[in-house]
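Going in written order, the chains are labelled A, B, C and D, and every chain counts its residues from 1.
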Amino acid sequence: MPQSNLWFTELQNENLSIGLRIEKTLHSEVTPYQTLDVYETKQYGRLLVLDGCVMTTDKDEFVYHEMLSHVPMHTHPNPKNVLVVGGGDGGIIREVIKHPSVERAVLAEIDGAVVEASKKYFPQIAAGLSDPRVDVQIVDGIKYVEDHPDTFDVILIDSTDPIGPAVGLFSKKFYESVFRALKSDGVMAAQTESPFVNQELIQNVMRDVRGTFPISQLYLAHVPTYPTGMWSFTMGSKVHRPQDVQTCRVQNTRYYNAQVHHASLALPQFVKELVES
Amino acid sequence: MPQSNLWFTELQNENLSIGLRIEKTLHSEVTPYQTLDVYETKQYGRLLVLDGCVMTTDKDEFVYHEMLSHVPMHTHPNPKNVLVVGGGDGGIIREVIKHPSVERAVLAEIDGAVVEASKKYFPQIAAGLSDPRVDVQIVDGIKYVEDHPDTFDVILIDSTDPIGPAVGLFSKKFYESVFRALKSDGVMAAQTESPFVNQELIQNVMRDVRGTFPISQLYLAHVPTYPTGMWSFTMGSKVHRPQDVQTCRVQNTRYYNAQVHHASLALPQFVKELVES
Amino acid sequence: MPQSNLWFTELQNENLSIGLRIEKTLHSEVTPYQTLDVYETKQYGRLLVLDGCVMTTDKDEFVYHEMLSHVPMHTHPNPKNVLVVGGGDGGIIREVIKHPSVERAVLAEIDGAVVEASKKYFPQIAAGLSDPRVDVQIVDGIKYVEDHPDTFDVILIDSTDPIGPAVGLFSKKFYESVFRALKSDGVMAAQTESPFVNQELIQNVMRDVRGTFPISQLYLAHVPTYPTGMWSFTMGSKVHRPQDVQTCRVQNTRYYNAQVHHASLALPQFVKELVES
Amino acid sequence: MPQSNLWFTELQNENLSIGLRIEKTLHSEVTPYQTLDVYETKQYGRLLVLDGCVMTTDKDEFVYHEMLSHVPMHTHPNPKNVLVVGGGDGGIIREVIKHPSVERAVLAEIDGAVVEASKKYFPQIAAGLSDPRVDVQIVDGIKYVEDHPDTFDVILIDSTDPIGPAVGLFSKKFYESVFRALKSDGVMAAQTESPFVNQELIQNVMRDVRGTFPISQLYLAHVPTYPTGMWSFTMGSKVHRPQDVQTCRVQNTRYYNAQVHHASLALPQFVKELVES
């Protein structure tokens, strides 16, 4: 029986692409901020695409969502107030509220259409958004951070790629603003692309975070649907060190555990040299 | 200026593909065992393709070659005699002979055309093949292993995917033969595909290696040009434990270091459950 | 604003492909006979795909439907009873009943799902199916032809490619059966692929039709979505010659006219040599 | 045996692509005017690509070269002096000098690299360039035409697509210049893209040619490797009518013959309406 020959292709950069066989289109929309598509893939289940870039899939979303959240959340000894900038699909929020200490988690997403599409097409990712501790704000995250000094224990920056609406989320000015929005022992983390293709970006972010926070740390995870599959996150912390984490405080994870926490901090030699240079 | 629109596509499975923009073809050959192509890519430099599958590229070869070799080589306290099965490009041999203890390294490659193509098009990968300690044998690796009982300290299985000529390298019979070819404290490791797509293969190999060697261990590395980017290796050891490694004994690595050694052993929760089930 | 990167690719043969950007999937089904997909394309409007092959599109369907029907229909001076074998989308029927002389048009389509999908997604193609003169039969066309000797003035064979269910429609036995099902001055025509890629098929069909009918003729049209864009049709006739057509008897055509009728019979030198050899 | 998975893709427009499986790259060059690539394809033999667009292939070049040349060349009763603007591969020249009446054929090609690459990689296309009647000029064709009033019997415009260096070849100013460069009974023809995708261009060119020459005519041919496969040419003539051609004056053609000459002038209804509107 012949296969459907319908493929979604992401040109990850001008020389590299990934292709996913598609069973059907579920949704296509031009929001005020970006294009938004939802596809049913054969390999990874449902796929969320913003401006032509893979955002998340049913089958591998757990890696990114667990690792952007649990590494900094565990680094803080007692996170009560958490802010997620971006992350409208709800995956980061879902992980954040697994921490029993969390009293309030704010989602500051600029594009309400992402939240709606996630609720409809990715109910298991969006599940946490209806938790009573969660406050979904459809606002400009940059402005929200500026307006809330000394408020949060942890801030997680779940942005799209550093083009279009997300450019401002990769600037020193923004990290300084995040620093002010954090309490005196706060921790932040941001997704910062692939060390195999985005060396310059990673170096710039590390320089900016290092210039802002007393403690900084790049860490890594395997995200199959992102370019090269090796994904980096950058953490900034005022007091607490990620190396000091002893135990895993959350259950029902599929990627994160205490060993993986520490393994993610061990950088391959070329990445180590990249961030130390 | 318009880009060349020449792309190499690997259908990694029937639902997933990777595409690399090609600058030019350098070599195409049908050997007695497989098709062999060498391309110049924009993203990763030169690319070696066997039977349509990406084998190695200039830019990311170091990950696979360092991780398949140095994790087991360091696990053995004093490796003198080493066998590489497959690996005709020479990358594993190049890493093996970085270990000062090595006295003899045999390459048992079935397809001499791979060795020749590597010498011509990937001189920096093939460099080690001309070292006086290296013995290149164009032979059937399965037979070679059977014929050399109690001979090697470390055996590394650098095979193509488990289809075609490499099928026999993924069988319990072969691992038992490897066990016999190892000395009384020998260590082996094999490349064993991606935990995101080859779960059944990994479980079968782990079951077979666990049934053959007292000590077994899956470990991971980020290889951008292999499916999903998360690649697994399976180690079998008679006496020595990979967890006991203290220091890095080699220099000039770009991925491996002592921290990465231990990090590679820390398995994400779903992989842990996969190999423990 | 980034484009959707969803593409339908037809591998027209193992060395040639056509790609169409897709807006959305409308329908996917595995019928008892074949896979059936309906897509919304950017270039050609809606697209009907059977077993992975482009069947028809909103924007270029008129060429194939007008040319398979009107050239033989005009060759017959007074077609009253017409049979369409295959053609479940209804496009050929729609053209057939433009001829005022037609009293009855039978559609013998093996796969009812094609008729249903066409009615739903291609209403302007399927429109003729509800005409009172039209008799839609969901039957095996080969058997239907065998069972109706001396019945039709014109028989039109609107088949898929000569693989799978349509193989029997490209055999001498079938053309002989068609000959018997035609009245004493009947005319038949069949779609017979591209002279640029299917030379052997065209030669075989021409030999078989020439061996069955006193008058035979290959003719051509431009169908953008079929391989190479140059498409052939083979006509067999008991008495009437396509060269004798004087005027166009139908209105509202977009491709066919009296000049195009004769132009379609003028074969490029290499096609002439192909069918005369 | 697995197939090479190397494909050349031409994005014919943003919604439509053609793919050709490539055996190897033969040449890649950035000339002062454009990129130039030569590939060995499986389907069509060697392929010449300028600025990412298919120019010609071994297997189907005869259609375009015969039809751009022989239709206007036969329209002129006795062509002695002929100018080809563009056409550096030599295919048009090769056809022009098949006419026994031709005394001199000038090739005015702006990019000498095209001529050199054709001589090396497409010797059977370039063959005519060494004929003693042929004068190859590496010059700006627009300027050359301006500088040679009342000189030629036939001018053939073998341009690339109307972007980049070829834009000026699709302007009314240029057609007027061509008119002046022709003798009092001269004939011109230009390639003018596909009626299925370039309707506006064709209407503009027809309006301009009709406003410049007493006699104008669009005609068609099947070129598999050009978008949609249906290709148009626009002829302008001072005195002679293409309809008056009686016999074919050249031998060894593979597409053109006297019947095809007239058939090419018969326009499908939608094309007729396009050029008459």
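One rule holds in what follows: contacts are C-beta pairs under 8 Å (C-beta built on N, C-alpha and C of every residue); 3 or more make two chains touch, one makes a residue touch a chain.
Molecules present, by chain and UniProt name: A, B, C, D = Polyamine aminopropyltransferase.
Note that the structure is a prediction, hence the values are computed from the model and not measured.
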item: Cα superposition angle of subunit A on its copy subunit C, in degrees to the nearest 5; value: 180
item: Gap in Å, rounded to a whole number, between the CA centres of subunit D and subunit B; value: 53
item: Centre distance in Å when subunit A and subunit B are each reduced to the mean of their C-alpha atoms; value: 32
item: Subunit A residues counted as touching two or more neighbouring chains; value: 3, 7, 9
item: Chain contact graph, described as a line, ring, star, complete graph or other shape; value: ring
item: All pairs of touching chains, each written as two labels joined by a dash; value: A-B, A-C, B-D, C-D
item: Partner subunit C, residues of subunit D touching it in the complex; value: 3, 7, 9, 13-21, 41-43, 59-60, 62-63, 194, 196-197, 220, 222-224, 228-230, 253-257, 259-260, 262-270, 272
item: Of all residues in subunit B, those that touch subunit D in their complex; value: 1-11, 22-25, 28, 30, 35, 37, 39, 51-52
